[in-house]
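What follows is a set of structures to go through.
In the two complexes below, subunit A is the common chain; its partner is subunit B in one and subunit C in the other.
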Partner chain A sequence: MQVSEPHRSFRLSLPPWTLLAGVVLSFVTLCLLGREVSRENHLSHFARFTQWTSPETKYYPTVGEMMSHVRMRMKPGQILVMVGGNSILRGVGQPAGSIWTQALQDRLGAGYCVINFAFDSSNITDGAAVVAEALRNEFPRQIYIANAAPAQPPPPDGSGTYRFMFWEARSKGLLVDDPARNAAIIASNQNPLIRNPPPGGGDSLLELRAREWLDRWFYFQDFWNLVTYKWVNTVWGFYMPGPTQFLQPRRTYADPEPDRLKYSIDDRYIPANLAAELVNVRGCSEFTYGIVDATGFHEQKDATGHWVLYAPLWDQFNAGIKGIMPEELKKRTLILLSRSSPFYVRMLTPDEQERDNLAYLHAVDMWKAGGYESMDYGRDYTIGDYGDRTHLTSSGGAKLATSVAAKVREMSRSLGYLTP
Partner chain B sequence: MNRLEPLLNSPVVRHGCSLVVGLAVGVLLHYLLFRLSLPVQPFIYVAF
Partner chain C sequence: MTDTPQWFNALRAAFEPASAEDYGRIFNTYWFIVFAGITVTMYWILRNARLRLGFLGVACVVFHYHFAGPAGMLPIIALGIVTYLLGLTRSRLARALGITLSVLALCFYKYLHFFANDALGLINPQWGPGLETSAKHLLPRLPLSAGGLYLFVPPLGMSFFAFEFVHYLYEVRKGAAPITNPLRFLLFAIFFPSLVAGPIKRYGQFVPALESGAQSVGLEDVSVGLRRIAMGFLKKIVIADNLTLAIDYYVPQFAHLALSARWTVFLLIALRILLDFSGYSDIAIGVARLLGIVLPENFNWPYAATSIQEFWQRWHISLSSWIRDYVYIPLGGNRHGTARRILNGLIAFALVGLWHGPAWHFVIWGLYHGLGLALCAGYAQLPGIGPRLQAFLAPRRRTCWLATQLFAWIGWLIFFYPVSQAWAMTTQLFVR
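On to the complex of A and B.
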């Protein structure tokens, strides 16, 4: 298209220094605003992160916004109960209003503030752990809860998708400078799959560190997250609804979690998935007991009929959990070992059932030996307490809340939180 | 177009327009830092 002469000369005569001043002025203003909003809570009516406020739809909550939310929720004198972990503790299968952490809050009462910062497929060392650690001096009376499967040590700097939170907090100087963890991070990142995850598995370590270093100065994540959450969604994706509806701010989207208590048994335990689910259930304990000889791995019992622990796996586990958290934070950490639904466990052979049970009990002992608090749950739960192989319905969530509340009170006493 | 010429030649208008363009470019740069730092592939949750 031809540009008319007056327009061309006008464009050429735009004073460059004024233009540059405009660039610097707006850029610096947004950086300062970003820094400011990172200290203000904008997560309204928050019960948990949903698909609309998580990396599943390219919303990456910052550590700053999570810390601000905790500050807003905490009342003077309360003990902070920070819940992390994966979709089980996020409450998949439990609709808004019936989430297990709300039941936990009811059981613990006003002396405690329960905050659910769990994410789908998240790990012990992800977001909630990072936020709790960052707030260790502000809220020293805190208990951190997360869940795990037997013999699976988490990565020390968080897992693939959620690793950005650890590196954000670290780049902003919010975490303990723990030599043991630093060494574990270096060792963990020797793994090429961790250093450069496959597509969909998060950023490479180099990209991640560059992004968090830039954000340390420019606060673009906090500022644009606020815009996306409060005013207009700026991040499109095929998963967002409608051709124009995606512009709606994230705060307007409802928590979409269905109530699996209303599902039929066939919808909870899909018959076509039976074989695959049994592989998953067996996998929780399959390599925890046995030996390796020239022909490979064999499950094995000793002469007295007791299962023989597969030592290399457990040694690796013990070494792995040593460096994932600073020593002083381990004792206030409760690791839950999440058992599978009895619907599937009862289909295992008696030997497999025994092995499954022992693996969970041994994992609890190992976490405790590593300096953490730990308990398992689910052995006495019914099929109705589960919404599928692993997620709980609200009835299962209520049972979990009762047992966790008792444990939290016990930990609060032993940690000296209840002494005036 | 002739009627616009005095306006386009006014220093106030030229500085004003330059500032507005500069402000817009600054906002764009800040947004690009945010947008380009997001992973290209979304995380797809699969229960396992």
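On to the complex of A and C.
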């Protein structure tokens, strides 16, 4: 058996002490650099996170860099409007320059600073929520906006791929120590699928906490994000443009979002997907007014033929949204209920359409009852306002911006942000 | 967040089983970095060799429990206790039974599904599932979760355990001294750096290395260990993991790539497996070296080999030497004529293939190398052409190198992909 004497290439003539001193010194230097860059905004010309600056391509934005970006953007006297949520609010379907949050900024004017930190498949409690909470004392005049589907409470410590942001902020002591949320986190993490997600579902809770505990001291995530964004990308990704171009710094990649307004109807609403999409559209309300099991859908109606809410689900929802956010932050949170495109909704029976409408209206009421602000959108939108079943085109985005701007102003008044 | 003290939460977290995703990347989990940092520091702080070994034993149990979970750990504990006790007996028969038990455990946990469905299923598709279900029900249910949990969970690193236990009992049966100290046996069995990706240890070298390390770990060890770990992470994370993503992207479109791009992907596949596997070995060897413990080498520039024999002296050395010592030589090696030598080689290499996973393409990959080795060792004896070919190749080392590497790299296509796809990719390398 051969022994592990170092290969010839390992044989440097450095004495052990020198090597160790070098290792320690380099490590400490990199950690200090990481700490410094976490306080610096490197997201240049930022309008939203794109494929190149999201976990889709293994770029994991840190709370530190997002906070720095907000600090750079905010001007004295402005009200912070932080947009989170999923791909709908990120503006999928709207090209750079026509993103709905840019329209929102235009409508709100210079008194507000709108920042879009939404991510694809992200949830109410993910990145933007964490950053807004972390900045609650620095920018107390803030409104947080995210979107949701009816009767789906988000996990209290973020969802799947994006949970790292919550745990990063928590390990760095940036979040409110809220007993109700702490209890909700413990309860949520009893679920083995959340504690140890299946492959592809994000890191296990233990792995996340170990990572964030280490990062609290070493700031490696900030350091490598700066390197990959500014100088050289270090990780290949499926969406990267080519075998060598992937080394280009991420700041050089353009926002790749196409303009779905230019798509034909068949490209927006792909005929082959019709049946599956209708299942999704029905699904938005089916389970809120009945039981869906292996034998099918068992509707709940009263003697007069009106839809009756499936109470256990809504009880669970009400309990679920209680602990996802500290009480003092709920009232500045606007939850948008995103309706499906009328292209599909009109294909439902009148009875199903009624149920669909009721589900959204009831969800808005439930969020409000939970202490949040809420509104739905999309009922009066046209087929052209949607780029597919859920995402808006720039025309839909403009409508959303108009209604949200009105709501934000109203909230600003009621929260006392506006001086008389 | 809870009323329990922080240290208790940390300790409880250390004992928590890892997720399925973490099994495949043990060395690049944050848990491992924290665990290794604490273990190495504590090992260094303790100045007494016995305390160091005791602490290392506890650390190895924590590591094994974390990544294998209780259901994955119990079969190894049972097999380890049996192996340890049989090693102490004087009965050769008992030791032979112990060897059989390790082999059966390996077959049961790793190959039952393959034997039942892919091998037996070829004869009658009805037999496989029935056999598999019956075999699984031989084991009791463990009351470890609400629904109960079968012991039938493939234990983490089962192949390594089985091979090391077989080696141990085989050598003891031949007359070598057994390990009498249970702690040393435990450390031989579940030494955490080599638990998942080897190298496959030989106890005759490992136990003295363990004792020497516990007594005299020094700065030189740390220096060598750190460099080795750095090299391992560079190979594994910076290069191999990126190559994996790129290869996964390009292989589905292999047929539509330009010829030069196909060759590039082909070379990247070969580079990826070397860097991935040898990077893992480097980390294992480096972490062990931080504890002052020298593990055997597993790779020695395999892509510099100029013959198939040389390739296998350089590639996964601990596995190939194990197969040589405990399969090929006991089968008769090259002592019973050419036909028997070839047959023994094919059996040995089919097992090398099967060791990598329970699938036919691994077996075919093993047989492919077995045939290559037979051809390489015997082509000079072919009547007529043999001596002339030998005379042609002997002075042409570059040609030999090219032929060897082309052979080995085409082998990786069989290793990674279904045979039909591997064949298609191979032909696409030579046609536009």
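The working rule: the second predicted complex is superposed on the first by the 397 of 420 C-alpha atoms of A that agree within 3 Å, B and C clash if a C-alpha of one lies under 4 Å from a C-alpha of the other, contacts with A are read in each partner's own complex, and residues count from 1 in each chain.
Convention: contacts are C-beta pairs under 8 Å (C-beta built on N, C-alpha and C of every residue); 3 or more make two chains touch, one makes a residue touch a chain.
Nothing here was measured: the structure is a model prediction, and the numbers come from that model.
**Student:** So, does A:Asp203 touch the first partner subunit B, the second partner subunit C, both, or neither?
**Tutor:** both
**Student:** Once chain A of both complexes is superposed, is A:Leu19 in touch with subunit B (first), subunit C (second), both, or neither?
**Tutor:** A:Leu19: touches subunit B and subunit C.
**Student:** Considering only touches as defined above, state whether A:Leu214 meets subunit B (first), subunit C (second), both or neither.
**Tutor:** Once the two structures are laid over each other on A, A:Leu214 reaches both partners.
**Student:** Which one hits more subunit A residues, subunit B or subunit C?
**Tutor:** B
**Student:** Mind working out whether A:Gly237 is in touch with subunit B, subunit C, both or neither, as first, second, both or neither?
**Tutor:** Both: A:Gly237 reaches subunit B and subunit C.
**Student:** Return first, second, both or neither, reflecting whether A:Phe27 touches subunit B, subunit C, both chains, or no partner chain.
**Tutor:** first
**Student:** Between subunit B and subunit C, whom does A:Ile185 touch in the aligned arrangement: first, second, both, or neither?
**Tutor:** Once the two structures are laid over each other on A, A:Ile185 reaches subunit C alone.
**Student:** On the A-aligned overlay, A:Phe223 touches which partner chain: subunit B = first, subunit C = second, or both, or neither?
**Tutor:** first
**Student:** Is A:Pro312 contacted by the first partner subunit B, the second partner subunit C, both or neither?
**Tutor:** neither
**Student:** Taking the stated contact definition, name every residue in subunit A that is touched by subunit B in one complex and by subunit C in the other, in rising order.
**Tutor:** 4, 6, 10, 14, 16, 19-20, 23, 199-201, 203, 207, 211, 214, 234-235, 237
**Student:** Could you please specify the touching residues of subunit A with respect to subunit C in the complex?
**Tutor:** Contact set of subunit A toward subunit C: 1-6, 10, 12, 14, 16-17, 19-20, 23, 177, 182, 185-186, 196-201, 203-204, 206-207, 209-211, 213-214, 234-238, 243.
**Student:** Considering the complex alone, what residue numbers of subunit A touch subunit B?
**Tutor:** Subunit A reaches subunit B through residues 4, 6-7, 9-10, 13-16, 18-31, 51, 54-58, 60, 87, 92, 120-121, 161, 199-203, 207, 211, 214-215, 218, 220-221, 223-224, 234-235, 237, 239, 280, 388, 390-391.
**Student:** Taking the complex as given, what residues does subunit C use to touch subunit A?
**Tutor:** 1-2, 13, 16-22, 29-31, 33-34, 202, 205, 209, 218-220, 222-224, 226-228, 231, 238, 242-243, 245-246, 248-250, 264, 285, 288-289, 294-297, 300, 317-318, 321
**Student:** Give the list of subunit B residues in touch with subunit A in this complex.
**Tutor:** These residues of subunit B touch subunit A: 1, 4-5, 8-9, 14-15, 17-27, 29-31, 33-35, 37-48.
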